[in-house]
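Below you will find the structure I want to go over with you.
Going in written order, the chains are labelled A, B, C and D, and every chain counts its residues from 1.
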Amino acid sequence: MIIAVIGDSSCSPEEAKLAESVGELLAQQGANIVCGGLGGVMEAVCRGAKSKGGLTVGILPGEDSSMANPWVDIPVVTGLGEARNVMVVKSAQAVIAIGGGYGTLSEIAYALKNSIPVIGLNTWSLSRNGREDDSIIRVQSATEAVSKAIALAERRKNYEIASLSSQ
Amino acid sequence: MIIAVIGDSSCSPEEAKLAESVGELLAQQGANIVCGGLGGVMEAVCRGAKSKGGLTVGILPGEDSSMANPWVDIPVVTGLGEARNVMVVKSAQAVIAIGGGYGTLSEIAYALKNSIPVIGLNTWSLSRNGREDDSIIRVQSATEAVSKAIALAERRKNYEIASLSSQ
Amino acid sequence: MIIAVIGDSSCSPEEAKLAESVGELLAQQGANIVCGGLGGVMEAVCRGAKSKGGLTVGILPGEDSSMANPWVDIPVVTGLGEARNVMVVKSAQAVIAIGGGYGTLSEIAYALKNSIPVIGLNTWSLSRNGREDDSIIRVQSATEAVSKAIALAERRKNYEIASLSSQ
Amino acid sequence: MIIAVIGDSSCSPEEAKLAESVGELLAQQGANIVCGGLGGVMEAVCRGAKSKGGLTVGILPGEDSSMANPWVDIPVVTGLGEARNVMVVKSAQAVIAIGGGYGTLSEIAYALKNSIPVIGLNTWSLSRNGREDDSIIRVQSATEAVSKAIALAERRKNYEIASLSSQ
């Protein structure tokens, strides 16, 4: 199981603490982590995951792996700039968004477009023509985020296997 | 000057009418149009532009040009799927968003990330942690959208030229 | 009809002269040109095309249009780095390669992979396990390159229309 | 250390055997493997690596992970089609090419463009204007391929660290 954790490369100490806890909990549950590989939320979640023996994949925007944070096990070098955002979410069965700027917003949009569940901690809210879009599943703690993400990823994985079997 | 017009490949008759008017007005002002090249809002804006002699570029997600709507002059075949969204907005000096689903939301996010002005007609509203983000410039008519887009694109173009001169 | 012209961003005076002639002849035949938008062969072909009233599209690797050569009408800003190479050839019905380094070689490979005809002027030769691969159509002059490219692009276009009609 | 192994999704039994041996040897030396994640050479190298406890990353062209071969540990879902080829080589410190069609040729071109060493087993030969290009390091066995790849990757890694230290 692979869970994407998304958020800004510069973040508040509270967001970093949340991200680190999310990383620890995901690793303890045996989930692999994919992220954008840089600093801020991405670095904190990788650090947390490595402290509990997890595996971390960083999908990097630049031309070499030197920008990866030190807790990335597998740096994927894309050279695609921000177009790499779509790959971060498509590679996961569920997404946890922590805070985040416009880059994170593009990732949330791609995830929802592809029916990949998004769990949000202090992140964007969306509405269209005055009607709220409640597709982002809002939670209040790292524990809640991880348990929801794993449950939804499990369901999605089973669904994919069922789709393949019925082909 | 190139203006991006973004919106869903299936849209309401009202949105199509708005998009067609936007296309007509942009062409009359001499602006080239870039869009995702498919149906719905993208088709309507191209049809409008061609009716007034404009030039239209369609940046297509698929593997050949057969999916381009009939009013695309220059089909750019990317084969990149939704990762092509980032190119639609980066190729423009300003963006007009009409309605739109999650694909359009990813384009709005990419434009704001890159400080490219976004003018919105009945499109997404954003807030973060309870605070509204008012970066999208909201307008009520095609005329207003086009005049704002052209003014902001002009300013952006001059700014780019100034940046280059001072290097 | 869109023809891709590919080659290095730094080239010999002979290659530049060839590219400029190719641009002039393509424009005179009413073909649009797509290229990588930078200097060298790309700049020479655009300059030639514009001198005869042609239309030029430059698919740029970088983050803004400032790197486009002055004869690009439509700068497409991808931000994708070298991954944009695949789009240059996929957007065309035929490809003319003039000289070229490893970037040009990646474009030749992508074109052949997608059965897009490649006409070569002083460009790469390929062999595999000691057997020559003669997929690149070798020519000796700009005139020959352009007439072959247009004939093959026309055939490919008709084939695509036939494929669509029979669906 | 990450080594890319590239080759066709359909290959001869001899090529599959070579690829499997390469996978076994790389895993025994502690190298991680990155590949395109599909069948043929890609599947054989992953199978070999897993038989010796290695870690395999598959950078997939499609929209979900169902196309990954069963020996891929980390499927990276790009949705980019053939544009994903550039990422396979950029994510590695050295590349081993086994046989291969035009897709493999595009990867060889990208690697050489980025000065990433390419070791070749029964793969493409290149020449330009009648002059052979001997950038591909030709070897005759899996053992030789792996020992060259690891030595060159090690040298490249040290070079990168030296570059970073001197900044």
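We take it that a contact is a pair of C-beta atoms (placed from the backbone, for glycine too) under 8 Å apart; a residue touches a chain by one contact, two chains touch by 3 or more.
Computed from a prediction, not measured in an experiment: that's the story for all the values here.
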Any chain that touches chain C and chain B: A, D
Winner on C-beta contact pairs when A-C is weighed against A-D: A-D
Turn needed to bring chain C onto chain D - CA fit, degrees, nearest 5: 180
Same or different residue numbers at the chain A/chain B copy interface, by half rule: same
Far-end chain from chain C, centres as C-alpha averages: A
Between chain A and chain D, centroid-to-centroid distance (C-alpha), Å: 27
Between chain A and chain C, centroid-to-centroid distance (C-alpha), Å: 39
For chain C, residues that touch 2 or more chains besides their own: 63, 78-83, 86-87, 114
Touch-based graph of the chains, sorted into line, ring, star, complete or other: complete
Contact set on chain A toward chain C in their complex: 63, 78-83
Chain D contact footprint on chain A (complex, rising order): 2, 32, 34, 55, 57, 59, 63-66, 74-80, 86-87, 90-91, 114, 160, 164
Contact set on chain B toward chain A in their complex: 80-83, 85-87, 99-103, 105-106, 108-110, 112-114, 122-130
